[in-house]
Structure formats: structure tokens, C-alpha cells
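Which chain is which? They are A, B, C and D, in the order written, and residues in each are numbered from 1.
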Amino acid sequence: MTGLFYFTMLIALLAALQVVRGLNAVHALLHLIVTLLALSLLFFLLGAPFAAALQVIVYAGAIMVLMVFVIMMLNQGDAAVEQERAWLDVASWRVPGLLCGLLLLELGYLLLAPADGGRVRAVDAAAVGRTLFGPYLLLVELASMLLLAALVGAWHLVRPLKNRREGTSDD
Amino acid sequence: MLIWLLLVPVLAAVLMPVAEGWRRDGSRWLSLVALGLQALLLLPLGSDGGTWWLESRTDWLPLLGIGWHLGLDGLSYLLLWLTVALGIVSVLISWREIRQRVAFFHCNLLLSVAGIVGVFLALDLFLFFVFWELMLIPMVLLIAIWGHDNRHYAATKFFIFTQASSLLMLIAILGLAFAHRAQTGVISFDRDDLLQLQLSPVLAHWLMLGFFVAFAVKLPMVPLHTWLPDAHTEAPTAGSVMLAAILLKTGAYGLLRFSLPLFPEASAAFAPVAMTLGVLGILYGAKLAFAQHDMKRLVAYTSVSHMGFVLLGIYALNGMALQGAVMQMLAHGFSTAALFIVVGMLYERWHTRDLRQLGGLWTRLPRLSGFTMLFALASLGLPGLANFVAEFLILAGAFQRTWPLTAVAALGLVGAALYSLLLVQRSLWGAAKPAAGAPDCSRREWLVLGALALALVWFGLHPQPVLELVREPLLRVLDAPLAHSGVELSSSWLSLRGRGL
Amino acid sequence: MGAWLAWIPLLPLLSSLTLLLLGRRLDERGAALFGVGSVALAALLSLVAILLFVVSDGTAWGGQALSWFSALGLEVGFSLYFDGLTAVMVGVITGVGLLIHLYSVAYMSGDDGFARFFAYLNLFVAMMLILVLAGDFLLLYLGWEGVGLCSFLLIGFWYRVPENGYAARKAFVVTRVGDVALALGLLILVQQFGTLLIQDSVGQAQLLWADSDWPFWVALLLLGGAVGKSAQLPLQTWLPDAMAGPTPVSALIHAATMVTAGVYLIARTQGIFLLAPDVLQLVQLVGGLTLFLAACSALVQQDLKRILAYSTISQIGYMFFALGAGAFSAAVFHLMTHAFFKALLFLAAGQVILSLHHEQDIRRMGGLLRPMPFSALCFAIGCAALAALPFTSGFYSKDAILLQAYAHGGAGIAWWLALAGAGVTALYSLRLFVRLFLGECHTAPTPDNRWPMRWPLALLCLLALFGALIPQPLSDVFVSVPAGEQHVSWAVHLAVLLMPWLGLALGLWLLLRGEDLRRRFAGGILARVWRTGWGFDALYNALLVQPLSLLARLNRRDLLDLPVGFLAWLSRTCHQGLSRLQNGRLRQYVAGIVWGALLVLAVVL
Amino acid sequence: MTEIPVEHGLLFAAALFCIGLVGVLVRRNLVFMLMSLELMLNATAFVFVLGGALHGNADGQVMFVMILTLAAAEVAVGLALVVHLYHRHRSLDADRLDVMKG
């Protein structure tokens, strides 16, 4: 079981690296989905089956589908890959790599200091539901409002440009 | 009664759009009516022997000791007349010059007048500060909207200078209020209450400086004068008139009404410095005026020079000099405003203020030139015109305090001759440069200039009404230092050498 | 008494105002009627006043007519004072003034500023009368500055020529320097006595200032004012340039009346000057030096009016010399006679100039005796009086000055200068006459037969010849200065009498040798120095005018604005620097956040 | 249940987060930046779930749900912006989108 855990972690990290390095958007997206699925497995292993399910359904399902659609809409071909290759020269990696490496070092130093192991305990969906609609009810409402706002915003932004020109004259 | 003096211009300002809709020159007529109404309100007022001719006191924010405390005495009365008169003049001279957003222009003008009236009436320091700010904003707008080419720079500079300095005054006012709480347990912004304070010399000194800087910027005093030439040059004529004739006077008024009575010892100790700065202003302003090519800028620098006399007179701290200072406020109000109006009229005709492009105006516009000559002569302090009485009294008063400084200040008279005659010579005399065909004074222009000329001659030959009017208030200002301080002023710094100057 | 005296200056003043306001609607006749009529009335009134004064055996009239203002600690009124000195001055001003007004009607006819000219001229007469009638120093100061103003306006009367404007401004500014000194003197009086009434303050000075420093300072400052107005050293440079004005103006203002105001002032405040013998010595020295230097300058000038201008400076120098020597009444006497003969000379010169179509250079004149006999006669009389030839009015007054001065103080440097000056005066008078009227005629003058101009000249000729006979009621005015012990010997008398003849003889000798003074000195440095008025103009130009205008040019933009501008620049620069960070690059923002996180973590660690 | 040291889980989250961060910093293509952002969100979400599992209560998973919501909203709006910007500028280069700079 522990072995599986570490193996999944490795897969997630490798897939994530591929996402960051990838030149083709669709390939990167597929790697991202691999990462998400790996995380879902990790959640399951951590005794959070509800989270794992949500991760698969909502994240890997709904959200990623949305991204696939958009990538299809943008319809970038081989030229885009060449573009990415041009943008991702070695020089552009240096500073971000350095920064993030430092950040990782600092985080690692922080996290490794108190070596205090512990057992993970399973929390089932019912418990999550009770908490969610108990003390966190307000948060749920707020989240729903956030989603609504995002919906309206997204709709507004992707209205065909021609209509926008006629409706308002904001540029 | 007093509240109506304030309300009339405010109401008129609010009604401005209505008047604009009523007829084409509606806003101009409404402004005239409002100012005329104010004049009518002022007309029947007179002294009843007490400190204040009229006083009204209502609570405003009693918790903070802020009251709606207004009072009118001879000094305010005189300056209110000046305000109303020059307000009317400003409306009249804008008749042709201002063509855009006319209603808004007059709205600003009247609001500014309201603020100035408030400044001259307020006896509560908080209220005073409110009015002080109120008169500033419309003025900035007048410059920024209807000014000449570089108006935004000038308006911003004017705004920052006055705002920064009035911040210092606000701090000083708060300091006074808290000092009052420390002594009596009650916070108060009322001038009457604050007059009773016993301040430690150090505190008094710093608070006095706060007031002084705010008023000195408005005055303006020389190193803090640099906003003035820009603001004057870029403002529309009415704006320059209001600035020169009235707004600058609020600084001197503030010194007389608040700075001197509230901090008698500190002011007396500070007087040598202030007088030196005044003399510096006289000479420096004259020197800069002499160097200018831009006629309006020249007149603006003469303002610096003339107001240096006011500063010198106020801090000479004796009756003669104070009366002279008030007289100078009045005379400068008329003469400089008149010169600005003349420049405005020339600009209207030829669209230039550059002395190098003007010249020989006597050939082109004999009547306007005659007026220009008269006003230039007033500005150089020719006896028989109002400025002379003022300058002589100031010098005579200052001489009793310190003769070396006064002797240097008197050189300002030579400077005045230099720049005034330069103005006359370069604009009126010589070969006629501007194109012919511009009309001489219209009837409206004649009326305005004639009235100002008459005022200058009248107060030059018969300044007694003014001197009478301010005698009592000024004596009260002088009483304060003597009664409170017990410092023997006259002998200790008859000569400034003793003070290490 | 007193109230109606105010009408003497008021009449010309009102006429002046009328002309200023309505001048453009009046034709020349109307303007002349106002201009001359008002002065004639004023002259009539002053004649009445003088007669009444003499009849009432010479007690001074004074009186407060109206209050001007009363401030805290100072009261000033429009008060008038009339005594013998005033009588002389008023007589000279209105008398000579009337003649010059009459002359001007013809001289100025046809000028498009005719009404304006008379308005200014009337204003001048009014101001001058106020000056001499004033019983209060401040009122005197009003007249003092007023005449300065009129002088300015009239020098610049032909305003289209730029040089006239400069000359006018120079005249006003230079005299203003003196005026400031005068004003400071008045300030001392205010401080000490709290009053500016002339008689009161002089009286108090004599009572209270027996031994103090104040009389020295007051007298010195008053002298400063007098020196400015009367074009004495060191403020004499404006007068020759002032000749840019129309000739009647030169006659009235810059010869007969205004420039003698300084003499009047010192004579009026004799009480204070007597308390300050040092200053009185200075007055004498100033007068002596001025009269000699100016006479030398007059010797080599080539402009007709400039010769007369330097001669005026020189003659006023005589008056100052006399005042300083204690010969007050002699000074006033010379003031009067000088007014007569110098007005005569100027008006005659005006006639010549007009006939020669505004030619003023004496090198292009000559031989005018035949075409212009009347002018020649006038000049002859005027030059004779100027040179103090016997039995002319100038002879009596100059004799009086030199002899009284000797009697009071003996022969000091100033006295020798004055004596020598008398010779030089005769020399340049002769030169002037010879250059104008003898020799060959180079030009074709129009005849000088305008009678309106001749009448005043004829009267002035009479006055220049016999003016010395007019009695001066000065006996009560001046405290008689204790006469010195100097015995005036016959030798002194003889020297004074012979000195002008000596000058004439020298001139004639040179003339017979066929040499002209100008040619003799032409190449010489001395002549050049003399011609430029001893280089005072250049000196002041280098010392004062140039540095001042350089300063003005350098600091036209107001250096004090720089710190303010620097603050504005600083905040704008900072703002631009910061706004560069806000560049809209998303990735750099993120990098910024990461840097921040790194830092915070590093601090926490 | 699984027996792993907490810090290993946390380290994994940190590593994932840093990878995502590198992506945001390095990529100029907006779509890739959004994907990297998803990585970072997931890293945080993992920490929450881990914490909840350790303490044995549901709060961690509640927070996960919230992050999920947030991610959904963010992706919706973000993608809408991407589409819009692509229409306007014909490019997905983040460095070119600086027209609002002061």
C-alpha cells in the first residue's frame, strides 16, 4: 500500500513536469489529466473517497473537458508548437527555476523540521456532507454565488465581438 | 443677517443653471444681482460701539467645541466691501472674455466669493478653516478650466502650495484646540476661548509658525511666492482680479485676526524675521517685475512687492503701520486688479501680453492708455493715489521699529518706479506695433476702469473713512500683545542689531 | 485766510482734469483758453495774495484747510502756508508760467497732442504751486512727486520716439532716488515729532535738537531729495537728457521752476540745516563742484538745448553754493533772476529751433543775426544776464551770492570754484551767442515773426534786465545767519566784478585768433570728458544699470522657483520609476510575488 | 490505513506546487499558464485533504470542495478571457497583454 502511494506520487510529479515542459497543448492537457487522476488515487489512499470521486468527476471530467473545448476553439496548429519551442529556450528557464528551487528548499527545510508521523484516518462522504451543510453552509452559499458570477462573467466575455461593438462602445 | 451674506452667493451659485436656461446672459445678471444684494445687505451696517458690530453664534458640533460663530467688525466690513466690489468688477470684465461654460464659471466665482466672505466673518477656527478651503477650490477650477495655455500646471501649483500650507494651519488649529482641552478640560475651536489660553512660549512659537506659513503663502511672502506669478499669469482676468484683489488679502486678514491676537509674544518675537522677509519681498518682487516681458507676469510680481509692504506693516506692530497695511490691502486690491483688467483688455484685442509685441498703444487706444498710466502711477506709489498713503504709513510705522530695514524697504519705491515706468514706456509709448483698428474702451470697460480709478483717487485724497473703520479693530490687535505679554517691545528692538540679525 | 489760497493750485488742476477728460473734443482754441486762462487766473490770484501779504506787513499766513488723513500717531492735512519765500516762488511760478503758457500756444500749435500738452503743463503748474504753498511736508511731497510725474510725462511728450521715453524714465527714476531720501527724512520727523507740519517740525527741531545727531541725518536726507530734484551732483545726469521734451517744457520745468524745488526745500527747512553745519558745508561743496563741472560741460556741448541744460545745472549749483554758505536770500534771489533769464534763453532757443525746422546742433547754425534779429536780441540779453554782466539781473544776484558767501565763510575751495565758474559761464555764454548769430549763415531759417511768441519773450527780456529790481519780502523768512568775521575787501569786490569780463576777454581773444573752443579742445580727452558730463553717465551705467539689468536678465525665471520645481521633478521621477514596475506583465508580477514569498519565508526561518 | 510520514505528503505537495509555479513563470502561452495554475491549486488541495485525513475530520475535504469550486470558476472565467483575448489580439502571448500599464 505504501509503495503504491509513493509510486502514484512519482507519476503525478512526472506528469506535472510534462505539463510544464510540453509544447503541444493537447499533450500537455492529457498529462495534466494524468496528474489529476494520480491525485485522485492519492486522495483515495488517504481515506477520502469523496474527494477522490469529486476529483475525477469534476476536475478530470468537467473542467478538463472545458479546456479541451477551448483548445479546440483556438485551433492552433503546428505553428503554435514552433512558437512554444521558440519561447521555451534555455534562458527563460533559469530565473524561474532558480526561484522555485529556492522556494522548494525553503519549504522543505520548514516541513522537515518537526518529524512527527501520524496515521491517516478515513473520512467518509456522509461526514463531509454533514460538515459541508452544517457549519460551512455559508461558505457553500458563497461558493454558489462565486460560480454564478463566474458563469455570468464567462458568458459576457465570450459573447461574439461583433455584438459587443454594437451594444456598448467600450473600446 | 450675517448668514445671509453667506447664503446669497451660495444660493445664486446653485440657481446658476436655471438662470442660464432663462436667457443667454442670465448667469451674468444673476451674479450681478446676488453681489448687489450683498452690497445692499452691507449698506445699513454700522458700529454700535462694541467689539463686534454683529455677532452670531450657533452650535454646530458641540461635542468637539465647534460652533457656527460669525462676527463682523470694521476690518471685516472693509474687506467685505472690497470683496463685493471686486466681485462685481470680475463679473463685468468676464462679460466678453468668458464664452464657455458660462454658468459654471459664475457658479465658481460666487462660491469663491462665499468662501471669502466666510473667511472674513468666521470667528471659530474650525469654521474659518472650512471657509479657507471652500474659497480655494472654486479658484483652482477657475484657473484650471478657463485659464490660458499653461493653466493646469498653474492650477496644480497653486493648489499644492495653498493646500500644503493650510495643512500646517490645520495642525496648528488642532494644536490650539487640544491645548485648550489640556487647560480647561473642554475642547474648543472658538477664537474667544482660545484667546484666553496661556501657552508655553515654545508651543506658542510653533503653533504661530503654522498659522504664519499658511497666511504667508497666501500673502504671498518671498520664498513662498512662486505659485503666484504662474497662477496670475494663467488665470482668466476675473480669476487674476479675484486672486490679487481679495484672495491675497485673506492672508493678511488671517495674520491680523488670528495670528497676532492668538500669539502676541511669539509674534512679537518673530516680528524681526517677518519684517525682514517683507522687505525681501518688496525688493525681490520689484526686481523680478522689472525683468519680465509678459505684462501679466510683471503685474503679478508687483503684487509680491506690494504685499511685502503689507507684511512689513503688519509686523511693525504699531497703529500707524497696521493702518497702513490695511490701506495697502485696499489700494493694492484696486490698483493691481485694475492693471490685470487692462492686461486682459489688451489680450482681448491683440491676443498677446508680450511687451515686446506691444508698444505705442497711446496712438491706438488713448483712453485705455490713460487709464493704464494712472494705474501704473498708483502702483509706483504716487502721492494723491491710495497706494501712497498706505506705503507712507507703513514706512512711517516700520521706521519707528527699525530704521535700517525701513531704509532698505524705501528703496522699493525706486524699484516701483522702475517697473511701473517700464510698463508704461514699453506698452504705451514708442512706435505703434499692434495692428490698428482695435476699438478703444467700450462703455462697460469705461465703467469698470473709471470706477477703479475713482476709487484710487478718492482713497488717495480721502483715506480717512478707511482709517476710521479699522482703527478700533487694529487697536484691539495691538492691545493684545501689550496686555498679555508685558514685554517691552519698543526699546528692545528699535534696532535689529540686538537680535543678531 | 488760507481757504481761497487753495484756488491758486486748484484752478490749473481743474483745468488740467478738464483737458484730460475732454481734451479730444476741444479744438486748439478751446484747449488754449482753458490752459492759459487757468494759469492767468492763478497768476492774478497769486498777485492778489502777494500784494495782500506785503500790505499786511509780512506776517506769514498758515492754516489747515482740510484734513488729508489722521492715522494712529500721525495727522496730515492739506494745510497751506504763505510767507515771503512762498510769495517769491508763487510769483515766479505763475508769472513765468503764464508767459511760457502764452508762448506755448504758438509753439505747440499744430501738434496733435495740443490739449494733452496743456493738460500736463497745467498739472505741472498746479503741482508746483502745491509744492511751494504746502504747509505740511507730506503735501509738499505730493507736489514734489507730482512735478516729477509731470516732468516725466512732458519729457516723454513725443512718445513715439523711443529715446524720449528712456530720457523720461531716467529723469523720473533718478529723481526718485532723491525722493526716497527725502521720504526717509520725513520718516525721521514723524518718528521724532509725530507731525509733518513744516513750521511745527522745524520749530521743534530748533527747540529739541540743540545737540543731537538727528539734524545731521534729517538735513542730509533732505539734501538728498534736493540734489535729486535740482540735478546736482551726484544725481545730475538726468537733466541734459530731459531736454528731449518740447522746449517750453525745458524752459518752465527744467530751468525756471521744478529744478529749483531743491533750493526751495533747503531754504524752507533752513532751521534744520542751520542745526547741521556739516551738512551745510556739504551743500556748499556740492553746489561749488556742480557749478564748476557743469559749466565746463556747457563749454563743449554741441546741442543748443544741452548747453542750456548744463548751464542750468551750473546756475542751480550757484544757488546751492549760496545756501550752503548761509546766503539764503541771495540764493532765492538768484533763483528768481535765473528763472527769468533762463526761461528767456530757452524760449528764444525754441524760436531758433522752430525756425530752423527742429535743428538743435549749433555746428549747423551761424549767422542768424540778420534773419532773426529779435531772437538775437533776446539771446544777447539772456546771455548777458547769464554771464552776469553789469546792470542785468543776473549780475546783482550772482554778485550777491559771491560776496555774501565770502562774507560768511571766506574763500574756501567752493568759493574759488564759484569764482572760476563765473568766468567759464561768461565764456560759454559768449560761445553760444557767437556760434548762433555770427559767422556765416548755413541755413535758410523761416522768419521768427510770430507775435504770440514774441510778446512773452519781450516781457522776459525786460524781466531779465530789470528783474533784480523786484523786491523780495524775505527779511522775515530766514534767520539771519551770523555773518562771518570776514571783511569783504575791495579786492574781492573787484575780482567778482571782473571775473565775467575775464571770461569774455578770453573768449574774444580766442575768437579773434580765429580759433574755436570746440576745435581747440576737440581732440582732447578733456573735451570728451566734459562733453559727456564728466562721465557720470558711463560710471552709473557700469556701476548700477548694467549689474541690475544683468541680474534681472539672469533671474528672469525666478531662481526661487527652482527648489519647488525640484520637488515636483523628484516626485515625478519617483512616480515614473514606480510606474515602470506596474508594467502589465503578468509573469513579472508572479515573479514579484515569489520573491516576496521567498523573502518572508527567509525571514521566518 | 496507509502509514506514511506526513512530511513526505507535504513535500510532494510542495514539489507539485513548485512545478506549477515554474510553469506559470516560464510559459508565455496563456493556456499553459492556466494549466500550471491548476497544478498549483491541486497541490494546495492535496495538503488540505492530507490534513483532514491526519486529523480525521471532514474540514479538509470541505476545503477541497471549495478549492474545486474556485478552480471551476477560475477556469471558466480564465478560459473566457483567453478566448476573448485571442479574438482581439490573435495571440496568446501573456507578455504582449500589457496595454493597461501605467
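Definition applied: a residue touches a chain if its C-beta (ideal position, glycine included) is under 8 Å from a C-beta of that chain, and two chains touch if they have at least 3 such contacts.
Predicted, not measured: the structure shown is a model, and the values here were computed from it.
Comparing chain pairs C-D and B-C, the larger number of C-beta contacts belongs to B-C. Taking the mean of each chain's C-alpha atoms, the chain whose centre lies closest to the overall C-alpha mean is B. Chain centres here are Cα averages; for chain C and chain D they lie 95 Å apart.
Between the CA-based centres of chain A and chain B the separation comes to 69 Å, rounded to the whole angstrom. Averaging Cα coordinates per chain places chain B and chain D 65 Å apart.
In whole angstrom, the spacing between the mean C-alpha positions of chain B and chain C is 37.
In chain A, the residues touching two or more other chains are 95-96, 99-100, 103, 107. Multi-chain contact residues of chain B, defined as those touching 2 or more other chains: none present. Annotation for chain C: residues touching 2 or more other chains are 591, 594.
Pairwise, the chains that touch each other are A-C, A-D, B-C, C-D.
Looking at the complex, you find that chain C touches chain B at residues 20, 24, 67-74, 138, 141-142, 144-146, 149, 152, 156, 159-160, 162, 164-166, 168-169, 172-173, 176-177, 179-180, 183-184, 186-188, 190-191, 548, 551-553, 555-556, 558, 560-561, 564. Partner chain C is touched in their complex by these residues of chain B: 157, 222-223, 225-226, 229, 284, 287-288, 290-292, 318-320, 322-324, 360, 362-363, 366, 370, 377, 382-384, 388-389, 392-393, 395-397, 399-400, 403, 406-407, 410-411, 413-414, 417-418, 421-422, 425, 428-432, 461-464, 467, 471, 474-475. Residue ranges on chain C touching chain D, taken from their complex, read 579, 582-587, 590-591, 594. Across the complex, chain D meets chain A through its residues 1-12, 14-23, 25-29, 31-32, 34-36, 38-39, 42, 45-46, 49-50, 52-54, 56-62, 64-66, 68-77, 79-84, 86-88, 92.
Of all the residues in chain D, the ones that touch chain C in their complex are 21, 24-25, 28, 33, 94-95, 97-102.
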